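Two complexes, one shared chain (chain A), two partners (chain B, chain C).
Right, the complex of A and B next:
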């Protein structure tokens, strides 16, 4: 019994692995049901998740892990972004050179920049896909309406974060995207001009000055955009993400078909194993992509010579296509209505019993397909018409601007989507079917307009079937 | 307990004070917010002046067009005089190029005729003409802050 101090010390040293693990997990090895529950409950990072997970949640073909992929991509952008901050300097004289240094002289700098860029832009794709999964499985219905709204905020933040990042390198792409964006912000001037009230109430001009910190893009602008990109927007994103996850728990975990077997398994290890697998796939995907594909860096910003064609980043080229008829309708009203329409979906479709079933069954699949083909045909027809024949101003150069604001391709497309969705509601007698029509056409519109803006528009925003047909200078 | 006093016509003292302080909180928060927004607009911008000299009239012989890149104007000179046309597209702010028939914007394809009037594309307004005047030292001054009617030329 009489152990010496030395013996105790040796024994502690021998057990150090087990005692550290116990102190970390605050429980015994998670092998029994009881300790598996305890390990989830007692750990700060794990207690965000439930002790048990429904087996439907673990079905890969239910979530496709898309929300998780978005989350992990966010992690990668955060970490690589912090590393980029070590060198980056947000002044118009320095910014471009520091980004160039990161790309060419910093060890692994180019890789980190690529990871940051591709994981960030990847978020756009995966957040949209996640939203589509949530939508088509009807997971926005009671009690998850509010979490859908939180999701819309996350979607907006993802877009704005990407856009603000695009402006930081201060190369030609950044500068001319900034010029275009600041003028879209200003575009309600088009309306006040048409009404003749701009001299008294120039809300567009005020908004532009607020954003630019001046009347033209410059020093003040870059600092503002930097502040948005590394402080305000990330903080908001993480707050909304916290609410997003908290609501998933409070709303009873992920949606599942009503009356499905309430069969669940312990989260440790099944859920954690699945999550780790998704994480490894994401990491591998981002690293491989970033190893082979470099983030672009053009010449330093030159306010005297616009790029031709001057294009916004690809995820905004759908907007730019709409903007190329009327800045105010295409840049503010149409996207505003799209966001509003998406946000209202769970409040205007309150049919229960659809949650957890892809497309809510056969009728939903048919509605989605019909809307997809009808939407694609109408939009393609509309675009072909304006590309071939132009719009009002080409026919009557003196047409008043207010008429173009009221009747233009962007507005016609939005009106068509709204009318078609209402017609579906009337025909099927189901608001869920109307929602499916609306959402499907939103996706069709986004994808098609983005494709046209990215691939089919060349110098002077003229139409070309192939990039190889662009005239060279 | 206060139900009785609440029944009386008008408003109780407690109710009044409560509403008054609530509104004081709301109003002062709004003022604070307005101040925060106002703070983001500096009283002075260190930007280039919108009025600039372009040199003596002899530099602009009749029948020529000069593009002053950094000033963002074209200076035209014809038999009726000189005029300055903005080179900033009224759609979303790209710089237009001069071509035979007028101006072409590279960004979304707006076209303007030689007077700067929109002939096609999304641009909502004509390219503005700026006021030209003469400094005492004899050189010409363009004021890009003052738009004048299209067609008003400066006789040298």
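Right, the complex of A and C next:
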């Protein structure tokens, strides 16, 4: 028996925790400045963050952790999604049954589905809140313009991922949302129809057919939506996410007020502590919500029984509301201009020196409030007018569609937002104030239109104050 | 930085995560069905001990019956664990053994549960498994036991069911045939078109049924029963007729629920017909397809739902004049503008053979005196040379004489057999009819209290589908139901005879009509109808003559093709005027080749 060999074995056994930690962290215990720096630099997962973190970044009332929340929600959807993928089968005959089985017999399957659903839809809310935080603290200004664009791309991907997931259970909600969404995709047909060129150039119809893999939702649609949901869109999302994070580092970390104390602390442990707190909070929130609220699952998809009203998922109901005025305006022009307007903000507002300050100071707060109230009043008035009196088609049944495409509530709202923002620029002499006006009204529009589409529209897209007033079938 | 804040947040959140992870785990580990299962195991041991037997306990894993052929997964036995355990015969539900000996022939491993009972087999809690309530979002809730026999008929034929205990569904099917439901509803390709198709009605989702006026629980079962009891209270404006006694609504509901669209695999079906399928006799066919509207057919009745009079098709007076060809054409082609359906093979789906059987049933009480006219065809003889306008001309004898029985309208039935005798001639230019009938009196003046004799011929303007033989039907300028009427009047004839013949004047008016009270002179009278009437020895003889081809709105004649024609006679002595007359149903004139 080799005595020294046995000793070595015992000693290795005793030191296994320390040696594993050293191998993992590639450094000694992070207690000194040097080792704290090393631990961040030497770890694959941590090195995307700086060795030191500005104290402004850690201030809860500056970021509210919104970006992190979005990221963690993405983690939860990814993990629960992988679990769901084990049981789910993307065929029209089986999809619904597998979702039922997940709900009824898979251990914690219902919880996983809830987590997946609510974390995913939570992402929409938190990504938008994160965007609002970035916007109102002026964090898009030089040198972070491009990362703002990446962020918009991530927002769009979040929407599309959610939407594609909505289709997969293949129940009545999925099917009729698919019908509505494919009609929104087709909305440029309204313009080509009005111009009479649809027979030669039916771009709307082509887009719809490409999306559905046919003219009506079916087998081909489900498999391509599934492919989008679990493959193409997540890959794109993670690529853009990588770029987003890389740019944060390259652009000098999170924004902060110019001239503020350049005081920083080691990321280990201060930043990691904050991140852990947000992670836990996020997990707790998702878990509690998912414990109590079940993801909806209706009757199996039936092309012969239209849901009335057939609605897109809630986050697209603002769009559907606008599409109800004019498909082309609401489905193509208004969202296109909104995205274009958001994307151009950092390039049209080049004012520096406001970054890191909420609303860039008092004037910004006033502008934001004014824009919010003015926007809400104008939009509410516009909606009330349309609901009470209708639009051109109700007054003159034979009016050419092209006139409605050009003049309709959605278009008027977009024009109002643009004019109001220009007026603010002229009045204040500040492009930043114009940007605040524009963005505030974008948020007001999204929230109000979504509310109207979700809560106030009943069968045949008629107006009702309450769902209980809907005529019963 | 903010060390305390973040640590507190982490700690509180972690506690919440831990608590809810445990709660979730507990909830997952104790599903509703496990409670039932352990209760069942306890009960089983008790009963087995009492019976001195050994209990073979089921394990606590989830159970399911996977039926790939039936495309079902049934997890009902997780709670209904004693379903095939004889020891559980008197246990309480859900542990009780299945009633009767059904499971001997339908072993639960092969049939599962939902194939008969419906409900959501995949679900593992009571509410959703039974699928009760709209909030379960399940289209096929568990079938109430009083309708359960509807499931038997999915695999078994009704003959067999009637003999072996499933009498309710068999009785429902019999009612369905006897109440004339298929007069309006199509099933398996045969039946009227006024009502909804009934194929697959038993597996239609709840969304197909407007639940607004349903009292009590809003299920398809309640809908069917309440709709059978009072259709118009459930579907306002419905045309459906019901004539049911108490309990029959439930039987019909059971039968409706058996009409499922899903076809069982052959291995599961047990359809044994006693013999070759027989075509039902005329009476059964009449009950199946006609009785809902025409009832006994003995009396014409005003129908408050259709808002029109339904003719008495089995009244002997009508049958006298209604020839088989007329009946056949009406049954086959239907009556535009009325609820009467086209029953031909390409329409409501009856075969010619079945229609013939119905006709023989309807006409079984036709008076023998109707004679040869029952065939309904009047052949016009082709001659060369001029056609005489003179009724007494010998040339008329070359045409065959046809008898057309008439029915009286607007007056009490006449014991005498009223009829007209008709001969028809045609040549290259003209077509002419000689109409003779017996009339004791020669009434040639029209005054306050005196009425004239008269005779009219009537032709549909478009003779593809003949309109009502009582002066057509229709609205405005719609010519589909329009008739062309040639009306000879004895008083006009008299005044012409007295004033000497004036060229171009005729005792025959050329008219059109689209129903009662719409009679008017033809606007385009470029093709006049000539005529001449003579009364001799208690008999009127009237000749009508017109150019063979008419103008728009005139009767159309084509060699070898049937043109519907009907006759009306007014007897002045009987105070006949306007609608008070004797008429024939449609007969068919065919210019012979």
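Convention: the second predicted complex is superposed on the first by the 470 of 473 C-alpha atoms of A that agree within 3 Å, B and C clash if a C-alpha of one lies under 4 Å from a C-alpha of the other, contacts with A are read in each partner's own complex, and residues count from 1 in each chain.
One rule holds for everything that comes next: a residue touches a chain if its C-beta (ideal position, glycine included) is under 8 Å from a C-beta of that chain, and two chains touch if they have at least 3 such contacts.
Keep in mind that this is a model prediction, so the values were computed, not measured.
Colleague: Is A:324 touching anything from chain B or chain C once the two structures are fitted on A? First, second, both or neither.
Modeller: In the superposition, A:324 touches chain B alone.
Colleague: State whether A:274 touches chain B only (first), chain C only (second), both chains, or neither.
Modeller: Second partner only.
Colleague: In the superposed arrangement, does A:401 touch chain B (first), chain C (second), both or neither?
Modeller: Only chain B; A:401 stays clear of chain C.
Colleague: Who does A:58 touch here: chain B (first), chain C (second), both, or neither?
Modeller: In the superposition, A:58 touches chain C alone.
Colleague: Looking at the overlay, what does A:193 touch: chain B (first), chain C (second), both, or neither?
Modeller: The first partner, chain B, only.
Colleague: So in the superposed three-chain picture, is A:388 touching just chain B, just chain C, both, or none of them (first/second/both/neither)?
Modeller: Neither partner.
Colleague: Output check: A:305 vs chain B and chain C. Expected answer is one of first, second, both, neither. What do you get?
Modeller: Touch partners of A:305: chain B and chain C.
Colleague: For chain A, what residues appear in both contact lists, the one with chain B and the one with chain C?
Modeller: 305
Colleague: For a test of understanding, state which residues of chain C touch chain A in their complex under the given definition.
Modeller: Those in contact with chain A are residues 1-3, 5-7, 9-10, 13-14, 16-17, 20-21, 23-25, 28, 62, 64, 73, 75, 122-124, 137-139, 205, 207-208, 210-212.
Colleague: Report the residues of chain A in contact with chain C in the complex, numbered from low to high.
Modeller: Where chain A meets chain C, its residues are 55, 58-60, 97, 100-101, 104-105, 107-108, 111, 171-172, 265, 270, 273-274, 276-278, 280-281, 283-284, 287-288, 291, 297-300, 302, 305, 472-473.
Colleague: So in the complex, which bits of chain B are touching chain A?
Modeller: Touching chain A from chain B are residues 37, 40-42, 45, 47, 69-70, 91-95, 104-109, 117-122, 124-125.
Colleague: Which residues of chain A touch chain B once you look at their complex with the stated criterion?
Modeller: Residues in contact with chain B: 176, 179-180, 182-184, 187, 190, 193-194, 209-210, 213-216, 218, 220, 304-310, 320, 323-327, 390, 393-394, 397, 401, 404, 459-462.
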